[in-house]
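One structure follows; several queries about it will come next.
The chains carry the letters A, B, C and D, assigned in the order they are written, with residues numbered from 1 in each.
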Amino acid sequence: MNAYFNGVEKPVNEQLAAEFLDPAHTAVITIDMHDGHLSQDPDCPCPSPRGRQIIQPLNDFLAHCRALGLPVIHVRSTLRADGADERLYPSAWRMVFPITVGEIPNIAQHALEGTRWNKMSIETEPTDYRVNGKKRLSAFYATDLELLLRNLGIRRIVLTGCMTDCCVLNTAFDGANRDFRVVVPGDLTRGTEELEQPALQMISLHLGLVVDSQALLQHWESEVAHG
Amino acid sequence: MNAYFNGVEKPVNEQLAAEFLDPAHTAVITIDMHDGHLSQDPDCPCPSPRGRQIIQPLNDFLAHCRALGLPVIHVRSTLRADGADERLYPSAWRMVFPITVGEIPNIAQHALEGTRWNKMSIETEPTDYRVNGKKRLSAFYATDLELLLRNLGIRRIVLTGCMTDCCVLNTAFDGANRDFRVVVPGDLTRGTEELEQPALQMISLHLGLVVDSQALLQHWESEVAHG
Amino acid sequence: MNAYFNGVEKPVNEQLAAEFLDPAHTAVITIDMHDGHLSQDPDCPCPSPRGRQIIQPLNDFLAHCRALGLPVIHVRSTLRADGADERLYPSAWRMVFPITVGEIPNIAQHALEGTRWNKMSIETEPTDYRVNGKKRLSAFYATDLELLLRNLGIRRIVLTGCMTDCCVLNTAFDGANRDFRVVVPGDLTRGTEELEQPALQMISLHLGLVVDSQALLQHWESEVAHG
Amino acid sequence: MNAYFNGVEKPVNEQLAAEFLDPAHTAVITIDMHDGHLSQDPDCPCPSPRGRQIIQPLNDFLAHCRALGLPVIHVRSTLRADGADERLYPSAWRMVFPITVGEIPNIAQHALEGTRWNKMSIETEPTDYRVNGKKRLSAFYATDLELLLRNLGIRRIVLTGCMTDCCVLNTAFDGANRDFRVVVPGDLTRGTEELEQPALQMISLHLGLVVDSQALLQHWESEVAHG
């Protein structure tokens, strides 16, 4: 199959395919696909409207992944209801958003435990895994994601969700640093429009493979059939 | 002073200036400014030729920082000489570089302890701090950088060096996740040419402030004078 | 006030009092005071019967702490219901308990999410903080405890609960390594009977102060009154 | 072979032997066997005189381990020469030692980079691995030990050195939390005399196996011969 190397589609050689694209020991991770980013409500506390484009494609992809027996892990930001998790140190993005993307009236509600914004926007199954306590940008930082992956015997992680240029990219860095093989289907992640493509190029240059989800599924199915 | 918010120069308001630009509790960090990236020798194991543009500006900037009493910390990749640090899991960038940037004949020597490539390419002083054991892309991962910063009472980190779209960006993510205030002088970092600007935009949207080093020095000097 | 230095009661000097016993920036942490350790049900999956001795004293102590305005944090082991968190690597204690303390019929249920064993055995208040996802022995490992403490501005941690020679001791090590000042009221922790005193001696030699809870409360109240 | 279960010698069953005592994927770690603990000089900055008892036995043991092909890793505390690593937060043990073990005139020199105290007191080989930057009590905290172990494919760690009730015990906790199988030869570790045995009991109850080094070598040799 092909991948996108610094934005250029080229075939994946055998060594890379063996390392990154074997469905064995692979988990699929969704990042922050919740109503706090994806609701169309004007009160949405941290809107990521482009993320709505991937809700249905991601639902379809996950259904295939489950059928192939791959573990699915949903990582979601959740902050303590009283704001303790950012009391002394409000996140930088909260402070600059009024300048960069404009005032967000309801931003203080973002990811707060007990609000309606924590509802997942994609379909989940009871057998999926949850890492619900993401506090910062990376799915690994101050969570038990690494422990879960290692105890499931996972060596390869497929990252999806939002935002491409922020939490997905940070998780790709952290995953690669921890020696997981990182794969990002470019059609299953969205972020800041003009930074999606650069983020995918960075991933393809430094961290892992950027692919199309359909090609990935076909490759996996072929591996399973002939494996 | 001004900063670059998603690439647009605008004034920094008082709240952001107080959080990010106070010279108190600030450390200046250089990342991977060593001959393994910056030597002009054809055997250079991981060339980052654009990084040579910032050697002299960074030397000048650091001299001013030291004069202002700011701690300077040099973070440098160093891998065990026998390759143990990547024995089972060679880094993704090593595997894709033949496809993305071309074959690098001497890549196996990158950052190996005991080679001549570990020589710093910028001027250092005995009173500067060293974090010499970076093993992956982030200056924080598997190093004692966070411990050093906390014991120096540092709250703000100024990131310089290379590469903008890789180790500098990863360190900016990790610093922001750990609640350090991140400042990146765009003129003191280099990387993949077409990804430098996008990486700085990501930093300015999600992680901290992107500034010019001259404006930063003038702001600090004014703060110290009127302190 | 006095503390127990390697088991010997002696006065705390001014420097130690200022560092460890100032009620400012202090949080009180309970560790694993849940029915999975403390239920009298014969099916209790990981019985720590000596821990029942401290339920009432700890309830009383926490009430005073809340009245003094100290944050209370309850750390509790909780493992994913399907056993994923120890799938490949069952904890060593599970494997040796049949030899060391005898067979525990219901051990597989220990800390599993959704079981009745997760009920807290002590009184909690809605304003207390929870760190519910402890997976291993330390309250810090793979949790967000450090992030919470730093965002609350905490510098001193008072450790209570069970077991003295295991999770409390491990948390004392991890807290001291992270530069928190560790205080353990010896009367508010229980473990393996013959190892409680040695564990407290280790804490007092290497990690922090071992005190009586009544003396600690009186000291804090005096500090608050005269502070 | 036998192990010590809460201080009582009993045979190791097959399941435990397979998990903990297979020489495959095993590394041997020495902790802080340097002159800063072990020198007989009256200026020794942090004397651990009982540690001298194990210098020769450990030299012999390591020679056998190398002959069996097991990687040997020496972990050693080293602190920045200007004291930065404990500037704001001097370690608790420094503050209580005058009360618990008596004044140590030269304690400020402990582990400082560039002093003669960093010399290793045991025999080392160029092919041994070094983790020289331990800053706190655990060999894992703020070091690259976990990264090194994972890249060598290590699943089992044999801990030796000093002190039993402090750095060895803390490293055993941290190793077990990270799902490494922990083995401690009780005859190759020393600490506070009356706390050595309790520390070994804690390890055997909660963290791994406590064995005799001779029995371990014989078991490994038999495994290699028949393996």
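Throughout what follows, contacts are C-beta pairs under 8 Å (C-beta built on N, C-alpha and C of every residue); 3 or more make two chains touch, one makes a residue touch a chain.
If you're wondering where the values come from, they're calculated on a predicted model, not measured in any experiment.
Looking at the contacts, which chains touch chain C and chain D alike?
Intersection of chain C and chain D contact lists gives A, B.
Would you say A-C or B-C is joined by more C-beta pairs in contact?
Comparing B-C with A-C, the pair joined by more C-beta contacts is A-C.
Nearest whole angstrom, what separates the Cα centre of chain A from the Cα centre of chain C?
Distance between chain centres, rounded to whole Å: 35 Å.
Approximately how many whole Å separate the CA-defined centres of chain A and chain B?
Once rounded, the distance between the two centres reads 26 Å.
For chain B and chain C, what's the span in angstrom between their mean Cα positions?
About 40 Å separates the centre of chain B from that of chain C.
Could you pull out the residues of chain D that touch at least 2 other chains?
Residues 88-89, 136, 142, 150-151, 179 of chain D touch two or more partner chains.
Would you identify the shape of the chain contact graph, picking one of line, ring, star, complete or other?
Graph shape here is complete: every pair of chains touches.
Note which residues of chain B are touching chain C in the complex, please.
Touch residues, chain B against chain C: 147, 150-151, 179.
For the complex, give me every residue of chain A touching chain B.
So the residues of chain A touching chain B come out as 5-6, 10, 13, 15-16, 19, 88-89, 91-93, 95-96, 99-101, 136-138, 141-142, 165-166, 169-170, 173-174, 176-179, 181-182, 192, 194-195, 198-199, 201-202, 204-209.
Over in the complex, which chain C residues touch chain A? Could you list them?
Answer in residue numbers: 80, 82, 84-89, 127, 129, 133, 135-136, 142-144, 146-148, 150-153.
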